[in-house]
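Have a look at this one.
As written, the chain order gives the labels A, B, C, D and E, with residue 1 at the start of each chain.
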Amino acid sequence: MSLLGTLFNLKGTFRHGVHPDPHKQQTVDLRIQRVPFSERYVMPLGQHIGVPAKPVVEKGQSLTRGELIAEPGAFMSTALHSPVTGRVAAIEACRYTDGSFKPAIVIEADPYATQQFQPQPPVDWEALSIDEFIQQVQRAGIVGMGGAAFPAHVKFSIPEGQRIDNVLINGAECEPYLTNDHRLMVERPAAVIRGAEIVRRKLGARRATIGVEDNKPDAIATLQTELGDEPVDIVGLPMKYPQGAEKMLIKAIYDIEVPAGQLPRDCGIVVNNVGTVVAIADWFDSGMPLIERVVTVSGPGINYPANLIVPLGTPLRDLLKFCGGLSDDTREVISGGPMMGAPIASLDVPVLKGTSGVLAFTESETSRPREYPCIHCGRCLDACPYFLNPSRFARLAKARLYDEMKEINVLDCVECGACTFACPSSIPIVQHIRTAKDNLRHQHRRSHSE
Amino acid sequence: MKQQRDPKLLVQPAPLLAQGMTTPSAMRDVWYALLPATLAGLWFFGLSALLVLLACIAGAVMVEWVFTPAESRKVALGDGSAALTGLLLGLTLPPALPLWQAFLGGMVAIGLGKVIWGGLGNNLFNPALVGRAFLLGTFPIAMTTWYPAQGPEHFFDLYSSTFAAPLMQGTWDSLTTASPLGMMKFEHQSSEFWSLFIGNTAGSLGETSGLLLMLGGLWLWWRRDLDWRIPVSIFVTAGLFSLILFMVDSARFPSPLFTLFSGGMMLGAIYMATDPVTSPLSPKGLLIFGTGIGFLVVLIRVFGGMPEGMMYAILLMNSATPLIDRYTQPRVFGRGVERS
Amino acid sequence: MQDLIWIFIGAMLVNNFVLAYFLGLCPFLGVSGRLETSFRLGLATTFVLLITAICSWFLNTYVLIYAPYLRLISFIVVIASTVQFIEMAIKKLSPALFKALGIFLPLITTNCAILGLAIFATNRGYGFLEGVTFALGAGAGFTLAMVLMAGMREETEIVDVPVLIRGTAINLIIAGILSMAFMGFAGLFSSS
Amino acid sequence: MAISGKDASAYDEMIKGIWRDNPVFVQVLGMCPMLAVTNSAINAMTMGLATLFVLVGSSALVSLFRNLIPKQVRISLYIIIIATFVTVIDYTLLALVPAIHKELGAFIPLIVANCMILGRQEAFAGKHSVRFAVMDAIGMAGGFLFAMLVLGSIREILGSGSLFGIDLLGVNFDPWVIMILPPGGFLTLGLILLFFNWVTARRRQFLEQVVATERGNV
Amino acid sequence: MSMQQQTPQVAEPSPQKLALSVAFAGLISGLVIISIFEATLPTITANKAAELKAAVFKVLPGVASMKKLQYSDGGLSERTQEGADEDTVYGGYNQQGDLVGYAVAGEGPGFQDTIKLLYGYLPEQRKIVGMEILDSRETPGLGDKIFKDKDFVANFDGLAVDPQIKAVKKGSKSAPYEIDAITGATISSKAVVRIINGAHAKWDKRL
């Protein structure tokens, strides 16, 4: 902890950041429910960066719930399993959350099946070598559940010569509205701790730490009571966005600043979302691959907000129907949280491995004040957890001076949106930053292809 | 469950939340914060003062209206910043300034101070002070002719100079007096703290009441419309500098309290140095900016030719703002740290 | 001592060569586009001003009292050749310094700030020490104006200055407002 | 520097300096004297005429001897020639109009440093016959004089209420002191340049429109 | 006539030739300069002398002739040679050739720039009888009142120098050693006073 922090007895946290209204009360006390099965499921083959999975089923083939339907296409790729018992209806391009069409396996649920899940034979994880463990995680189709859906097994592949000392479980859940991680910690504390323990033991780390924001006292308390003699710490953190961004969480908990361009593992740390470790625990305990996840459905446009266990591939329309449908004044539906999530253009898109929430916003949340010129007020600088200069980014982007932006480290930006949130002139700074990054990437590619 | 049609969905880029404050609301807050001090100015200086304010605002808004392309006029005028510039300019003027000069000042403030730079947010110098510096350089006599604060019983007594014909000089009656700063500079005569605090002294029409200006500033700070670093660093620097001088020779140099409560110190430090557009971005930059202003004010007031230096100090530091911004860029997270 | 302070402050702030005397406007308007360049040009100019002060003192004391009509020509010739000579010396002695400042030297020698300094110093009858102080003050003032200008110009390039105003027009307006701000220094250390 | 085609007359050379290639408004040369001495019309005129004398004289001389001047030392020779003319005009003004000379002060000798003059020698007089060189010099210096007069008149009228010392606006006029102070010089010239840009842009727009409508008609 | 006529390309001239051409140009230029100098010198000298005389006569009313005096070795003597003007004053004499008073020059910082002035001083009466600004760059319309404002200049007619002259707010002049400052140009007024006091302190004992 910094000197100042010690002086004022501040709890460990990172500097800067913003305090959006958490809006969690709508769902925070609702137990996780299971949604009924839909008729149709869409499983896009590529749900994360890296290589899409390769289908191992054919059109018309019948499937049981939990059966492998696509295998990893490469190391940077994960397996897919059928979320329902049914039949492959098609392998075709389907609408993806970002509006584009991507190849996907479409499954028609068997309305008469029991939807009983067929467990794969459990594996004794303690006996596995680290390489076998990584293979297992890849086979189980487990990716990061914190949003980016980064293949978990890639994270666990620690290069020769590096040592992992700490496993950090990310229970911050700093995005407003979302309560899926919170509920998971309250309702399945044992699975969280067990998952953390599996990862810790397999990576040979000394300790595991679960970081939870202070606004979830019940989660902290439950985890604490569930704790045996495992070397696991549960740390409360002051509420602040983006506490959950891994480098910020590391700063908050270990007071370590991961150098730009390096990964947490370069500092001996692996960060996993609570959902990710629960999925790992489930796979090794009961042989259930990643075929469903917890999703928070909330927002003022939702008639009955809920925390739900949703089979992957469920169309959002069905999910929303289960929650009483959208209210008539809904203007915007978001996949993910309001700060980093993506508004979707059509309700046809499915729930993906990385979908942590579905929010519906009405007029009063979506109407934004008109954009005014930047008045140089500096709020965006005070917000940026990376200590960047978003105001200058926006000005340079408008003048199309992308190389100058690169010089002032625009590529360090994680697009957390804190700057845009703070801007009184409603300047879409993050949007400008994305444009600049796209341009720089294209430039980069062009200069490489030459 | 009724089958409903999908609503037409908006797709805006994330983040989809924003904190409540907006640029027009910040401008509006400054208006509210200035209201008490403005009313006090009218109380002390009467109808002429009101007319001066209106003339400035009219000049400012007119130029903004004429030079803004029709399609963005609504935005440009709607944010209220042009009128705010006019008000702030007016508050720094002598109450008996001929109205045509006040109007001209408003025009120059927006014309040279803002429109030429491309409008709100692009100017490097504080527009209101550009207007005032122009007026002071152009009509130095009218701009340094002060009348004592009177009171509401004289509200309708207009100064004889107020209605001077355009381009012509005003006539001054014998009531003119020196401002507290002028008395300090030329007679080494300090004024009573209490009247500086309340504001019944000669001076610019909105700068005299330290108390009301400070209250407005506190409110703005509480509303998070201004950064405390600028006023505080100005007060601390100016106070310390003048304390040192005062200890050297208390007959010749003003006391720190006099320094802080006389002239445009309060108005400038709280409402003009804090103009976000023309002040640096980063916290460290703001402190450097404020320190520079505090130092320059005392330097100009005590060792320079002008009795008052607030305006020049702010304009000079405005000119250094790009440099300050450049050299106070905070260290980017994760840059310049050793791999642990 | 008091006099020297006044000469220095006077030349730097009160009667800034660029902003009050209008000397050296060509580099001020032409070369102030980049901060780095401006600063180095300012240093190089200060250096040449210093040489000029020394040369002109020498000429005034030993040559011009006999032939006042040669003032202009001798200033030009002596300053230009001295600077050229020093330029060669620097190139030999310190290539790094030459790289930093040297490229500007030929540009500066014909500039009116240099000649102006020589003429002003003569007209005012400055002695050696006064002349050197004057040159240092003028150089500091020139550098200050250049650097402030460059900072602001770099900024105007990324803001939405209307096309009609871009270029020399906005630079002159900036200079005008800056000059207005420098009026605040009037009378510094000359009163009381 | 654009040199017009073979058929361009000497007259053309002269006229273009005054408006199209105006050294101040278009080429932005000779700024220092331009701003320093234009605080009254009479000063501006004197300075403009002195510059005219120096420019025309040295252009004529340079062009006359252009075949004799060795290329390697031409700049030094140009400067010597210019400095000679400047010294001549300096002493002449000092003898004839001491009051104005005092106001112009150091700026008469500074004509030597005026980049416009050396520039014309280098770009034009050194390469052209005497007739053309003189016409060009008159044109350029005329343009300079014109600019000086415009600026000087504006500054004097607003700043003192008079023109060439003749009171225009009456005793009650409140002079705009700043106009005769340094900032007034910068700001006025900036605004004049802005005006120049505006006129040029408008003219271009107009011509484009004409071209467009003609195309439409065809 | 061809417009594109170029300087003919000659073979590289020798350094001697280059130096010679520069020297030749220098010679010609020197000749021209000397002749114009010689031609204008009488007028210029006469102008300067007339200007000085006018100024001296103005600050010392009733004077018919003047002499330039130099202070050296504890006494004043007439100065004849040209050159630096340090330690010189001008003596003013009446019709009869008797010394009336001295015109003393002084200079110092004003509001903008150095102010140079001349004042007339009567040693017997210990009074200043006139003041003339020789050179100043004070603000037009404000500071330039130190020579344009007749009321201000009139202050220096019959102004006592003891104990020291002093500028006071306009209209409040009460003692013989006080002057009314110019409203709005207090600094310039005080600068004039300070310059005179400085010069007087230097010359008081000498005259």
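One rule holds for everything that comes next: a residue touches a chain if its C-beta (ideal position, glycine included) is under 8 Å from a C-beta of that chain, and two chains touch if they have at least 3 such contacts.
The model shown is predicted, which means the values in this text are computed figures rather than measured ones.
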item: Minimum number of chain-to-chain contact steps, subunit A to subunit D; value: 2
item: Set of chains adjacent to subunit C and to subunit E; value: B, D
item: Each chain counted as touching subunit B and subunit E at once; value: C, D
item: Farthest chain (mean CA position) relative to subunit B; value: A
item: Maximum centroid distance from subunit D, chain identifier (CA atoms); value: A
item: Chain closest to the middle, measuring from C-alpha centroids that were averaged per chain; value: B
item: Which of A-C and B-D has more C-beta pairs touching across its chains; value: B-D
item: Whole-Å gap between the CA centroids of subunit D and subunit E; value: 33
item: Separation of mean Cα positions, subunit B and subunit A [Å, integer]; value: 48
item: Centre-of-Cα separation between subunit D and subunit C, whole angstrom; value: 23
item: Junction residues of subunit B, two or more chains touched; value: 112, 116, 119, 121-122, 134, 137, 140, 305
item: Multi-chain contact residues (two or more partners), subunit C; value: 20, 69, 73, 159-160, 165, 170, 173, 176-177, 180, 183, 186-187, 189-191
item: Multi-chain contact sites of subunit A, meaning residues that touch two or more partners; value: 373, 392
item: All touching chain pairs, where touch follows the definition stated at the start; value: A-B, A-C, B-C, B-D, B-E, C-D, C-E, D-E
item: Subunit B - residues contacting subunit A, complex; value: 1-2, 4, 6-7, 9-19, 21-26, 75, 79, 119-122, 227, 276-283, 286, 329-335, 337-340
item: Parts of subunit D lying in touch with subunit E, wherever the complex brings them together; value: 3-6, 8, 66-73, 76-77, 80-81, 83-84, 87-88, 91-92, 94-96, 98, 102, 126-129, 131-132, 159-160, 175, 177, 180-181
item: Contact footprint of subunit E on subunit B as seen in their complex; value: 140-141, 144, 186-187, 305
item: Parts of subunit C lying in touch with subunit E, wherever the complex brings them together; value: 6, 10, 14-15, 20, 65, 68-70, 73, 124-125, 186-187, 189-191
item: Subunit C to subunit B touching residues, read off their complex; value: 35, 147-148, 151-152, 154-156, 159-162, 165, 170, 173-174, 176-178, 180-192
